[in-house]
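Worksheet for the structure shown next.
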Amino acid sequence: MCLAIPAKLIESPDPETGRVLVEVVGVRRHIDTGLLQDDPPLIGDWVLVHVGFAMSKISEEQALDQLRTLSLLGEDTAAREEVENYGFAEPVIVPASSPPRANDESEAPV
Amino acid sequence: MSAATPKVRFRDSQIEMAHGAGGKASRRLVEGLFAPLLMDASLEPLGDAAFVTINGSQVALTTDSFVVKPLRFPGGSIGELAVNGTVNDLAVGGAAAQNLVVTFILEAGLAKDVLEAEVRAMADAARKAGVSIVGGDTKVVEHGKADGMYITTAGVGQPIFGMNISASTVQPGDKVILSGPIGDHGITILLARGELDLEAEIRSDTRSVLPLIRAMAEAAGPGVRWMRDPTRGGVATSLNELARDCNLCVYVQEERVPIRDGVRGACELLGLDPLHIANEGQFLAVVAADQADAALRAIRNVPGGEPALIVGEIREQPAATVLGATEYGGTRVIDMLVGDPLPRIC
Amino acid sequence: MKFVDEFREAGVINKAAEEIRRLAHPERQYRFMEVCGGHTHSIYRFGLRDLLPANIELIHGPGCPVCVLPMGRIDDGLSMARDPNVIFTAFGDMMRVPGTQGSPLEHKARGMDVRIVYSPSDALKLAQKNPDRHVMFFAIGFETTAPSTALVLMRAKSLGLENFSVFCNHVTIIPAIRAILDSPDMRIDAFVGPGHVSTVIGCRPYEWIAQQHAKPIVVSGFEPVDILQSIVMLLRQMNSGETKVENQYTRVVPWQGNPAALKVMAEVFELRPYFEWRGMGFISQSALKMKASYAQWDAEQRFSVPGVRVTDPKAAQCGEVLKGALKPAQCKLFGNECTPEHPIGALMVSSEGSCAAYYNYEHRKSVLTNIAEPVGVPA
């Protein structure tokens, strides 16, 4: 259910069958793009492959975005504050058995 | 340091493919059935080569059988495997192969051209490896058996001077050397069977590793504690055998293990771990820390030895365990499989 | 490997791990369930538990479609292939799963024609290449895999292929999560949500978890960076008291899911009124069967199956381990009667079932040396 690998289309999908050749670090296999017929992938696109079917297109933009956000973690305070201002609340100390209370916590950044 | 080896019993009711895969089931069969009935209790049943004394001289002996489908594949064929496999078994046992004998079990209906090609391949491989084939036997079985042909070889050779290979000499601090990229052979065979519709430019790595081992012996012979050729069952199986036999921890830096792109891609796609995939032209060696660099330099100076590197070391704990570690400090136990590695989708 | 290596890079992993340590309050216990077996596999394979502080505990969920299949269903599938004309095909994951008379591989050793396929398409192709044999495909998997089976069945139908059938054991993830949340002795704070199932069903089906049960859930990718980042996001939610569904796996998971995939599933499948999940009992509306319009390709219609219910021994405590009430090593059978080589219960049967994963990747670290449990698992 879970093993799915990013692979790159190295040709255009067959418009009738959806069959297309993809490549992952030098390994090639034909896969089926039938599940992406609403927005078919093009040659050069990256797709997520599971049991020989393309499940989704992979967004390079989202991937870079994610890595950028992560690279900001642990940077100097200014960068961290910038990230924290995106709306994440300050950490709150809450006893495990009771629901969080609104006014006890310090607001200063750690 | 003697191993705390638990007594193994062979309780399976029938033979399965797993018993030939080189992993836990194979070990159960050999240690639980064959060894107790056939061998002297003092011998290590899973060692690659046996040393016997004849008229005061030490001689090394080994045997290996080759069952592969398809018979020919990128990078080699059953004939080459049959020669190189036995030469390598002796080499990692610390012996230089001198002569082989070969048995053919042939399927009725096998084309003469196919057979001739394999015999030529064997002659070539023997020449390259510096061994001579001095005898053999042939049997023919009915059509439908033997997948075309099965080959068994037995080899005899002389101990390589200066080497005393035994898991009992392995100590914490020793380094683990791997000769080159792993998984090439097993993945080549998997792809060559054509059942998975995968294509890649991967070739079997079959070759004799004797020249590399000889060079290492010359430079660091007394420091070499243990060697093995990671064939069926892969590096994981060989290292587990080591860990169990020396009752120490084999600590592997996973990022250092070289894997070619095509092998990696096939493994990721199929959900296989390269550490469990067969190799036919690689070896593992455990070398004393102060001689490891010299050993490595010597191997790298031999054509074909350039990719060799240190991939890990021996530690005290956890005992009898192979531990894989990542750069960022995560660890996992690298275990032996029961049988052949199977593709997965989960 | 693009889109993989970047998410296994040590520098980024260390940053995420540091952020986790910063966010996890020392006085608090965090119990997170990763639903999907693939996440369990990644966690162990990459040694991620070693990077977590001791007060974050990871509980392995029921998202292993092999583990939750009752033994009786395996017997049913194998009984169909007793006819020498039938070729039994299945994913590699199924091959060592024991039925009462042995696993598919053991049946193969006794002469049954059993073959591993990587894709249901390969099973269809096999049927086309062997018109005088019948190819039966033993289909397993959650919503990630079901659309592919559906598409293959649609192709079989349009080809009018007569020698092909599917034994459908597809299950759905939401009812399993619901069953866990409904158990009185469940102790889970938040969920690492299944990433690949979500490429099909999207993120909205998890909203009731956040809204009705007030548990955070983050839909997560499978690389180390993904899982760690998801934990960061869960910690932030828990610390702030908010509970919502978040998508960490944005490069692959669309919030709305994949309508085309859902459409082919709806074309071919319908929900069974109930289905037995090994270790969890009967769950209603939790599994798929083929619609009447596909009866000709439904193996359960074409073959008569024993349909015998095989129960696990009472001593197997799979259900409790699944709910997070017990750790694998605490089950009385763990490591003795029940090991990956001879599994007694659901969670030992596949290499990513919680008990098998724990056994293969962790167990020996502590048993052989009597060292404390690795960081991340409270004693």
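First chain written, first letter: the chains are A, B and C, and each begins at residue 1.
Rule of thumb we're sticking to: a residue touches a chain if its C-beta (ideal position, glycine included) is under 8 Å from a C-beta of that chain, and two chains touch if they have at least 3 such contacts.
This one's a predicted model, so the numbers in the text were calculated from it and none came from an experiment.
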{"item": "Chain of greatest Cα-centre distance to chain C", "value": "B"}
{"item": "Central chain (by mean CA position)", "value": "C"}
{"item": "Pair of chains ranked first by number of touching C-beta pairs", "value": "A-C"}
{"item": "Intercentroid distance (Cα basis), chain C paired with chain B, Å", "value": "34"}
{"item": "Mean-CA-position distance for chain C and chain A (Å)", "value": "20"}
{"item": "Chain centre separation (chain A, chain B; CA means) in Å", "value": "40"}
{"item": "Residues of chain C whose C-beta touches two or more other chains", "value": "1, 4, 37-38, 41, 64-65, 91, 118, 122, 141, 145"}
{"item": "Junction residues of chain B - those touching two or more other chains", "value": "196-197, 264-265, 268-269, 271, 344-346"}
{"item": "Where chain A touches two or more other chains at once, by residue number", "value": "1-3, 5, 24-25, 50-51"}
{"item": "Touching residues (chain side chain C, partner chain B) in the complex", "value": "1, 4, 10, 13-14, 17, 37-38, 41, 44-51, 64-66, 91-93, 95-96, 105-106, 108-110, 115-116, 118, 122, 141, 145, 224, 340-341, 350-352, 360-366, 368-369, 371, 374"}
{"item": "Of all residues in chain B, those that touch chain A in their complex", "value": "196-201, 261-262, 264-266, 268-269, 271, 344-346"}
{"item": "Chain C partner contacts - residues on chain B that touch it in the complex", "value": "14-18, 24, 195-197, 264-265, 268-271, 317-321, 323-333, 335, 338-339, 342-346"}
{"item": "Interfacial residue positions of chain A with respect to chain C in the complex", "value": "1-6, 8, 24-25, 32, 34-38, 46, 48, 50-53, 55-56, 58-60, 62-63, 65-67, 70-71, 73-74, 88-96, 99-100, 110"}
{"item": "Interface residues, chain A side, partner chain B - complex", "value": "1-3, 5, 7, 23-30, 49-51"}
